[in-house]
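These notes open a run of structures that come right after.
Below, chain A partners chain B and then partners chain C, in two separate complexes.
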Partner chain A sequence: MAMAIRVFLLLLFFLSSTNIGFSLFEDQVGLMDWHQQYIGKVKHALFHTQKTGRKRVLVSTEESVVASLDLRHGEIFWRHVLGTNDVVDGLDIALGKYVITLSSDGSILRAWNLPDGQMVWETSLQGSKTSKSILYISKNPKADKDDLILVFGKGSLHAVSGIDGEVLWRKDFAGESIEVSHIIQSTDKIYAAGFVGSSKFYVYGLNADTGKLLKDDHTILPCDTFGELLSVSGDKFVVLDKMRSKILTINIKNGEISYKQKLISDLIKDSSGQAVILPSRLPELFALRIDSHVLTIKVTNEDDLVLVDKINNAAAVSDALSISEGQHSFAFIQHEGSNIHLFVKDVNDWNGDLLKESIIIDHQRGNIEKIFINNYVRTDRSYGFRALMVMEDHSLLLVQQGEIVWTREDGLASVVDVTTSELPVEKEGVSVAKVEQNLFEWLKGHVLKLKGTLMIASPEDVVAIQALRLRSSEKSKMTRDHNGFRKLLIVLTRAGKVFALHTGDGRVVWSILLHTLRKTEVCEHPVGLNIYQWQVPHHHALDENPSILVVGRCGPSLAAPAALSFIDAYTGKELNSLRLAHTIAQVIPLPYTDSTEQRLHLIIDIDRHAYLYPRTPEAIGILQREFSNVYWYSVEADNGIVRGHALKSNCIHKIVDEYCFDFRDLWSIVFPSESEKIIATVTRKSNEVVHTQAKVMTDYDVMYKYVSNNILFVANAAPKATGEIGTATPEEAWLVIYIIDTVTGRILHRMTHHGCQGPVHAVFSENWVVYHYFNLRAHRYEISVIEVYDQSRADNKDVWKFVLGKHNLTSPISSYYRPEVTTKSQSYFFTHSVKAIEVTLTSKGITSKQLLIGTIGDQVLALDKRFLDPRRTLNPSQAEKEEGIIPLTDSLPIISQSYITHSLKVEGLRGIVTVPAKLESTSLVFAYGVDLFLTQIAPSRTYDSLTEDFSYALLLLTIVALVAAIFVTWVLSERKDLQEKWK
Partner chain B sequence: MEKGKGVMGSGGRRWAVDLSDNSTSRDIPDPPGFSRASLDQDDSTLSRQKKDAESNWKAQKAWEVAQAPLKNLLMMGFMMWMAGSTVHLFSIGITFSALWQPISALQSVGKIFEPYKDNKVELLGPKLLFIALNLGGLALGVWKLNALGLLPTHTSDWVSSLPPAQEVEFSGGGVNLG
Partner chain C sequence: MASTRSLILFLLIQLCFSVLPLSFAQSPATGSTEGYTIYGRVKIPSVGTKEYILPGKISNVKVILNGGQRVTFLRPDGYFSFHNVPAGTHLIEVAAIGYFFSPVRVDVSARHHGKIQAALTENRRGLSEFVLEPLRDEQYYEVREPFSIMSVVKSPMGLMVGFMLIVVFLMPKLMENMDPEEMRRAQEEMRNQGVPSLASLLPGAARSN
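What follows is the complex of A and B.
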């Protein structure tokens, strides 16, 4: 007995001594988490292959990333994520060793060291007005001299030294209202050319050393222009006229402006479509896209235009590449079915091809949008070419010798929405050979682990153990597991591609480029909006595959036509797609499913109609049954109104549509526009499971949580304080918090934080809301918590009622009962500014909660909800301490072990998604931004399972040893007994 | 006297001298070394007396056994007082043993009083006392259990796993998809 107690005590001691923050050991990194680094859709690329060292390509992307990639494998050498409001406009190499980037609308110029990506210098360029920005580096032929960097940005021209980033001179063009579009350098003079308005063409000549204005000239073109001015060679430009029927050729030889114009119909006879000049820079040439053809047109010395070639089905044209003195080549792509032909031609010798290759590219990557080429010298001294292609799905490919050398799925850098799907159930019947092999592997693995536990493992064994743990085949299987750790993460990217990622190792299981979200003539700017779980079979429809609904729209405006796509979650095949006759303003997944477990969705359009999907009579039947109980609300952030609606009747249309419903307005909350502006709204997750409605206080008292799905948190800021922090004084800033019942429109709680302003990040869970904002008086960020309790249930105190089950606490309730609510709240200081805030979800809702805070440093911090408990006091009583109430402190602690991203960064963090695993203690956390990160977390530790590295072999050994010991001692005691008796 | 007659009547003896019947010849002193008490050592009388003594002793013992839980009770009380009122291993162990002992004792009341069973001995009294004392012990244990907060006597013990009530209405929506 005493022994048992001792063992138990020891166990307790071990349990209590494990760290409260669930920090990881170094060798546990990568066991349950994975991290993927991306860069986004490439905008500019520069090859750096001259030196004998490592060959690399420098890229800047639409996600504001500057990176250096390994040309051999496509891995990232270095990468800098500049942030969403620091968009990279220009990328170039100066002095052969610095990468120069121009960002933030031409106001920040940075130089990065080419080999390691360290920042060398940064210059902030001043200017008075916003304008487009141009980066031009005049390559000095003499190696010892400085490269002059010419930057046009913010309405002025800057000359910056390449060595230290010093601004040598500055010429302000703000007064001239010229939109400079080109900078040309000729020996010691610099010409800045551009338009004033759309028909006045100006050229300014400047001294390259001092920036002094030497001369300026202008001419008025005979017609307005369309699109960008393209430089053909040093002093020649081409531009289209407004009607897109003429090409204007402008020559600024020696600062004198002359122009010629030519009708496109003179160049090509039967053309009907709109012409566009492609932005490829080719010497003496330019490319014009008309219909599906690309015309290459030569500009002669006399500024005449000569049609050189007509390329059918051309997709992309590269810039010219200088391969030797006077020899320039360029590449273009031709699509032919699933084949892609890559041509590299000499600019001057149009007849022969330097290279002609055909490649097969997965059609799920779509068309080629951009191509960058680079040459290398083959062993036989001829030129070989490699091409970097940016695809429609934003992925990046390197093609060399007719083969794809590497690909990067950079579309995953711009995840728009995430949902999950279960994997298929494991099929019965496993082959014997597999089992035997598995058994052997299993035994070997456990022997290794045992060695590790007993500390007799050699260094090689340790490496083997680590490798074994990391590439456990168990976690990347394509079937459902008992603990529910293996799932599919289905992500929609900005390119309109849907990926399914395996939660075990993050690999892409399938991907599909949705044709409803592809750019077509009808749909110029398709955007993928959201992704929903359409069909989640569990019980009676297990043989069906789950499916996903993707909602898209042509363009950002609400009135744009919309499309729905349904995708099989196991195979990634598009089951169905609909181009809708109505628009989409909101999609409301209803809590009802039909017999095949398809979820009913209501789609609200901008003309105040609600449409029911799926369009089946069964769905109508289900909705009719619940007709009077379906409500919806709309938040009009611009007008400061929240409205509640209910379904009324079928639409009164010319065409009878029984799936279309009108609705009536029930209530509206109009916030005073002079003092409040909606800046954030948040609701509870519809899939959140709440275990209990009661919260037990220290003195056995019970408070009943006000748990409702129809509850909305609204944060309003003072109109003057909606800008950046620091633009408003504390006196004119306030934050008003509302908790609103969205069925009745009743305001359950209202609170004002004086001297505070947004941005507000909030999360709603169970009966509480946690929100983050800035306190102007304290000059610090704050996090507040509000807990809502149902006061009308508080008098359910008779134990006998519960013993006999004579209470009505679990009977269905209606919001129209208007229950009395009380709230408790508390505020704390918090050090970080926050990018996203989320809460852990578990399958039964028993496990305590943790807040997941995406910090400004692109990490995810897990903070126990216990720290945000309104019952915290300065000196909690003994009973309160025992219950786990932490003494009140003015700020929330940031324990560095509780960063769930440990040493990693999820660059450009935009969102966090939590998914409950089947194991109650654990939930999966997926953080996305430019990078993707997934891990498992257990807020109360894994109390319901043994750890992954638990040594079953050791347990077995211990049991065997104990049994043996019992047997031996039994024999010994028998013998001793016998001897005793003989005495 | 009566005893002697009884004996004579029972057997077919011709004559008998009742040496034990000393009531008539009190004047003759006893011979030296003769102890009158040993005269009572007649077989049947002996067993009778022995039985008597035994039943007396049994009754006494039964009472003793019946009172034994009292000591236990005091001991338990002391241990409980020592264990304190917070829930930990020892207090739980002691409380449960305090509960278990009376229950097991009550279960085996018959067995405990088995050795003292006799048609002459009245066991009801001791048994009742025993049961009462054990019930007292049980009550003490329950009281302790309650003191530790392990009895579901509060509302909180009954509602802590009460699922939230279902809602009749459903409402969804939000800001327009941008």
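What follows is the complex of A and C.
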């Protein structure tokens, strides 16, 4: 009986579990996933606080985001992520209700409704040449009249109506080759001022209503100029000369151009550095940076320059803010150790400070790059100021009354690379009281949940249940859990900051601004390249903390000097940093670790040397042992060459460096440049585990997977068809696919898709590759799958061979053997454009796989690999159906419940990363773009654990009921026995 | 040669889609000769009982040309436009949370001054007017079944209890229907073989026997 019950229970459990998982119920949102919204580094900010009601700040960022933020909490009211090449150049408010953005090099002008972000109108501005773009909105003093929007872009000046975006008039300056840098409006005239070349200064006067050219004037300055022209007031400009030793003051009063010049050395003695005019717009003033000082210089009515003040260690200067009639103020920041001082001064009254505050800002945020100020009226009718600061790590801070009101970690909008780290192991010795408390809480929670399932919960209970689920104290703990759901996601951002995010709730555990990736005089444009797991201690080095390697370079070119940083993954402290003497072209993590579990890495430079890290004798020893087993490849996409390399010997240098090696080319594949161009390469992940080597077919035939770590997928497109869709005809487009063994350089498979073009997104896993491309003939996207099988082991399916030991399974598999491979492939239509494609990874590789497809709509779709099985046929046989082969359809299904991002968007999606959990059925998926999103998915459902929803209370109740029933039946059966005996 | 080829191509496209010649929304670009303008409209029916998109709230809908080359947004009335689009065959996609839109193949003809033909790629249906409507709503969540007795009964625990009840109350009934002679023989046999009965499994069974 008991046995029967157990079997029955087990069976039932399996039956019932088939209904669970895969998709999500609406009330499960936020249980296993989190979503964070960002905007990126702020470029322009405008406060909108005049009206009563919601106070907001409008921003445009380097991630092409236009957003409206709540000034009280920093939350997003609305946000629009524009296209990647639709860079916002100008932001302003028109008519007090529209946000105007100018983007795409001054060719697209859009108006957004201020309260809700609805686009009101969009105007495309025509022009013939590229030029810098300027957005100028003339604030009409008469409220009833339309605001005139003046845009200079594409070499012409446009006047656009603020109400409906209609272009009122257009004046083309393309013929004059003038680079307009300023637009000035006086009552009914518009002046466009700019340079032709670098010394001819032109001013054009136009009629504001018709755009008719009224007059033009020009003057030739005595010397070439440097940098931007800065407007000091309506008709005065300053600019530096080419030598950066003189300041030219240009006045265009009444259309007459006059200029004066003054040596900087007359203003300030003993200055040696290069001067730069800061772009802050201040009335009658301008700011000049020399060395670490900022000089504020007043331009008098007679165009004389008077030095007003010299500020030491100034970091940022804001634009002027008009606080009342004729009163302007501006803010600047002074650094002093970890403190920063914020000064707000009246432009005309230099002696007093309107505001002087000192704030302590976490030094991991770096310097202040930009500051925007806004004023408010205090209860005592005096002016208060709030300042919005953009930090070096791209975060955004609002400071008011000497306090940081809110911060936004907007550096996380530009994640460059991601890796993970395990959390520390839980320390033993938990107090009994805690357990009791937990047990009570646990029971209470489950009783509540039971109420929920039985639908007898009151609304308060429902709220409590939801809160309980979301809080789930377990998931945000800082220790390793049994299932491996809790990890640290370590992300490198474009600002050179490394963040550790907790996978449970997405909070920032630690963050560090790497000094090797900070902008210095030596390193003008540092870029973070990659992040690697440097040390992953388990087994014998458990007391060591894991560490992370961050690779960076000074500038985008390969020849720029490089730097390495090593960071402790638990504490976020930098352990070590190296400025390398050599360059970095490629970093190869080797599959070997030393006694402290530090992974060996080879760094290849552009001069064909390989350097070994860590630089320890032990590492050399390990590498010497494996010397002949180290292979790698390099792809030269521009030349269409793929090369294979191996280590040769120590470097022959003047200085002996035993960590430096020369390498030789083993093979090279040169693709014909007139017909093929490399557009995508993808290889298998080194940490992927393959569980089964063979695949049993429906006819009990065995196919052996060709599983190799040294396998490369290359997609080449026809040179004419490398552009966007719509630029090539099907006749001149083709796609050639190669699968290459990277040790021998042997081409295992080659296939041509005629009439197809890129972009190609591909993912390689086990023995198959899946890739997405565009079919021009059908004018639809396609996804193809290629599976590679090993034919040389195909004879091993006879049982007798195994019995007699005649199989060749034990013979070593080497890349030097000529592999006999067969491939199977199939193609399907796919509806959407794709931004990224990835595959789930599980710890043992037993669970079936799902493809994760980041669509153009910034959603992530999970698609079962079974849909991409080359064995699919139109009418599968009974046996094939039993095996789970889906009948062939021409397109892949899009099941909306299998969007793992459910109703959320990962705006600006750039990449998807999967991390296996310890629990075999589950893997963590992290999608990043402007937003971040993390969830857990179980491609074959959670067959190895109970779901979150499992009702323990109901189980307990059932057990109690069963025990009671047992006793009842016992009593009954005893009574019956007695009756039997009396008979 | 080139012109004949394009003519053939044109005919081919016509054949492929076997739809009536379409003519709408054509607009030769004013002034500039480098491209044409594609005007269109996205219509989302407001009858649907949607929670995530309020009817008429279309500020988060994006229209994407050629897989991300250009992105534009909808005006309050649902209209959108792409300017300076070169002649050729293009692809327009609509990204809207909660709705499934088919991508649209758009042919901009250079010979007919930017005449535009459009067809849905999912079902190869030609559009006589450039109005894009969702093919279907997208439901991202499973719908929770309302509470019913059946769901409790069907749950593993419910089935367990049900099975138990059957054993307790139906089995004796079955036993009763058996021939008493046979029954006695069977019981005798069982006792002789010493097969543990249910009673003997329980504590105190030894005493009762």
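One rule holds for everything that comes next: the second predicted complex is superposed on the first by the 948 of 983 C-alpha atoms of A that agree within 3 Å, B and C clash if a C-alpha of one lies under 4 Å from a C-alpha of the other, contacts with A are read in each partner's own complex, and residues count from 1 in each chain.
Going forward, contacts are C-beta pairs under 8 Å (C-beta built on N, C-alpha and C of every residue); 3 or more make two chains touch, one makes a residue touch a chain.
Not measured: the values here are computed from a predicted model.
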| field | Partner chain(s) touched by A:Leu957 [first = chain B, second = chain C, both, neither] | value | second
| said: After the superposition on A, what does A:Ser903 contact: first (chain B), second (chain C), both or neither? | reply: second
| query | Which holds for A:Val522: it touches chain B only (first), chain C only (second), both, or neither? | reply | neither
| message | Which partner chains sit in contact with A:Val707 here, chain B, chain C, both or neither? Use first/second/both/neither. | response | first
| request: Look at A:Leu874 in the shared chain and tell me whether it touches chain B only, chain C only, both, or neither; answer first, second, both or neither. | output: neither
| request: In the overlay, answer first, second, both or neither for which of chain B and chain C A:His80 touches. | output: second
| task | Could you tell me if A:Ser124 is touching chain B, chain C, both of them or neither one (first, second, both, neither)? | result | second
| What is the contact status of A:Val425 with respect to chain B (first) and chain C (second): first, second, both, or neither? | neither
| request: Could you look at A:Val656 and tell me whether it touches chain B, chain C, both or neither (first, second, both, neither)? | output: neither
| field | Contact residues common to both interfaces of chain A (with chain B and with chain C) | value | 5, 8-9, 12
| request: Quick one: which bits of chain B touch chain A in the complex? Just the residue numbers, please. | output: 86, 89, 93, 149, 152-178
| said: Per the contact definition, I'd like the list of chain C residues that touch chain A in the complex. | reply: 5, 9, 30-32, 37, 52, 58-59, 62, 64, 66-76, 81, 83-86, 88-91, 93, 95-98, 100, 102-103, 105, 121-122, 138-142, 144, 146-147, 152, 154-157, 159-161, 163-165, 167-168, 197-199, 201-202, 208
| field | Residue ranges of chain A in contact with chain C within the complex | value | 1-2, 5, 8-9, 12-13, 15-16, 23-27, 29, 78, 80, 82-86, 107, 110, 116-122, 124, 126, 128, 453-455, 724-727, 729, 731, 759, 774, 776, 778-781, 831-833, 835, 855-859, 891, 894, 896-897, 899, 902-903, 905, 954-955, 957-958, 961-962, 965-966, 968-970, 972-974, 977
| field | For the chain A and chain B complex, residues of the former touching the latter | value | 5, 8-9, 12, 529-530, 551, 553, 556, 558, 584-591, 602, 604, 606, 626, 629-635, 637, 644, 681, 683, 686, 690-694, 696-697, 700-702, 704-705, 707-710, 742-743, 796-799, 802-803, 809-815, 882
